[in-house]
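We just call them A, B, C and D in the order they show up, numbering each chain from 1.
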Amino acid sequence: MHLTRDPIDVAALLSSVRPSDGGVCLFLGVVRNENAGRSTTRIEYEAYGPMAEDELARIARGVELEWPGVQVRVRHRVGSLEVGEASVAILACAPHRADAFAACRAAIDRIKSTVPIWKKEFHPDGSSDWVDPTRGGVTGHS
Amino acid sequence: MHLTRDPIDVAALLSSVRPSDGGVCLFLGVVRNENAGRSTTRIEYEAYGPMAEDELARIARGVELEWPGVQVRVRHRVGSLEVGEASVAILACAPHRADAFAACRAAIDRIKSTVPIWKKEFHPDGSSDWVDPTRGGVTGHS
Amino acid sequence: MQVHLLYFATFRDVSGRDREDRQVPAGARVADLWDELVREMPGLARTGLTPPAAVNREYTGAETRLREGDEVAFLPPVAGG
Amino acid sequence: MQVHLLYFATFRDVSGRDREDRQVPAGARVADLWDELVREMPGLARTGLTPPAAVNREYTGAETRLREGDEVAFLPPVAGG
């Protein structure tokens, strides 16, 4: 399972490093305290669960095929996250670091572009917005 | 202090993420079970301690200046490490992921090229070699 | 024939529902279903284009023909990560 | 004048020591000290070039003149990370 309501267990992810790995690249996407100039208090992540699971698995598998020898592990959080909490974690392990970096970067870029997950930012005044990356920020608040 | 004889505490490193950070890239260099076609049982890391400390601090500072807004943390292990143990950890945190990846990658590349640290690989037959990256592998065994 | 529609994020907010079963004419394409939804709920239309759609949990083109029992979701701009 | 020499990794193995105080002529350059070491311990020479050197814990050029009390280290190819 790639989606989780519980905090992402980074130590558990790191335990999947193999004896043949020399380079490990871990990316964490973290809830920031601001976006597009507005303060954020928390973010709610919503997923089309079964499809998001399939897409995350497909992306991990695709990156592993594209960078042979790399192992990719992905976790994405759903539910309400506070500032500082990790919403996504990608672990890419490889014999050498260049592949680990490239695979990790490709995985997060693809996750952001195709996995059916949405986020609603909450502001100090109680208002909230669905984030719309295609509009360079947020959509009308809901 | 950037050098440590004790295992690198990844959780402690991750605790330095700031509320303004949205992207966190952690690189771990890990002792592999082979190098240049020969099996490795363990590696001894030796440092010119005070100079290595200065160089690690200088590299972290330099990367932070080159990528404004990025925070870089570096730890390098010395002593005898088993396969699977992390010899180096770099944490790069930034508001956005592109800077986190770029800064992390630059830091590890620079560390490998200039910090006065050496490593001796031990093989199953008891022999050992100083690793010499300028010779594409190892020097004569010692 | 009947398909099962799912609504997420802004589309759920605009439609006021997260799922529904809906009758569509035999041979209807994904784009036809979208056009029908927009006629009912003009607030769904943001650009005039059919948004990315998934049928049975896979991305599919707007010209794809629907089949009885399909699970269909139109997807607002994704923002994972 | 006297400088304090440090040996690491292969250079320590070849020289059989990890440090020593050594007298050098006034005005001696880093390269002169290296040449003297190689005359005594030919096993140090791997390429004919002076290896990277640090004086007082900073990288320095082979033409740098040594001063009384300097801490000097010639550095085998580094392999950190």
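FYI, contacts are C-beta pairs under 8 Å (C-beta built on N, C-alpha and C of every residue); 3 or more make two chains touch, one makes a residue touch a chain.
Treat the numbers as computed from the prediction; the structure is a model and nothing was measured.
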item: Centroid comparison with chain B (C-alpha atoms), farthest chain; value: C
item: Whole-Å gap separating chain B and chain D, where each centre is the average of the chain's CA atoms; value: 25
item: For chain B paired with chain C, centre-to-centre distance based on mean C-alpha positions, whole Å; value: 49
item: Whole-Å gap separating chain C and chain D, where each centre is the average of the chain's CA atoms; value: 73
item: Residue list for chain A, restricted to those that touch at least two other chains; value: 29, 108
item: Per-residue multi-chain contacts in chain C, two or more chains; value: none
item: Pairs of chains found to touch, sorted by chain label; value: A-B, A-C, B-D
item: Footprint of chain A on chain B - complex, ascending; value: 10-11, 14, 17, 19-34, 83-84, 86, 95, 97, 100-101, 104-105, 108
item: Residues of chain B touching chain D in the complex; value: 29, 45-48, 50-52, 54, 76, 87-88, 108, 111-120, 130-135, 139, 142
item: Chain D residues touching chain B - in the complex, by the definition given at the top; value: 6, 8-10, 13, 54, 57-59, 73, 75-81
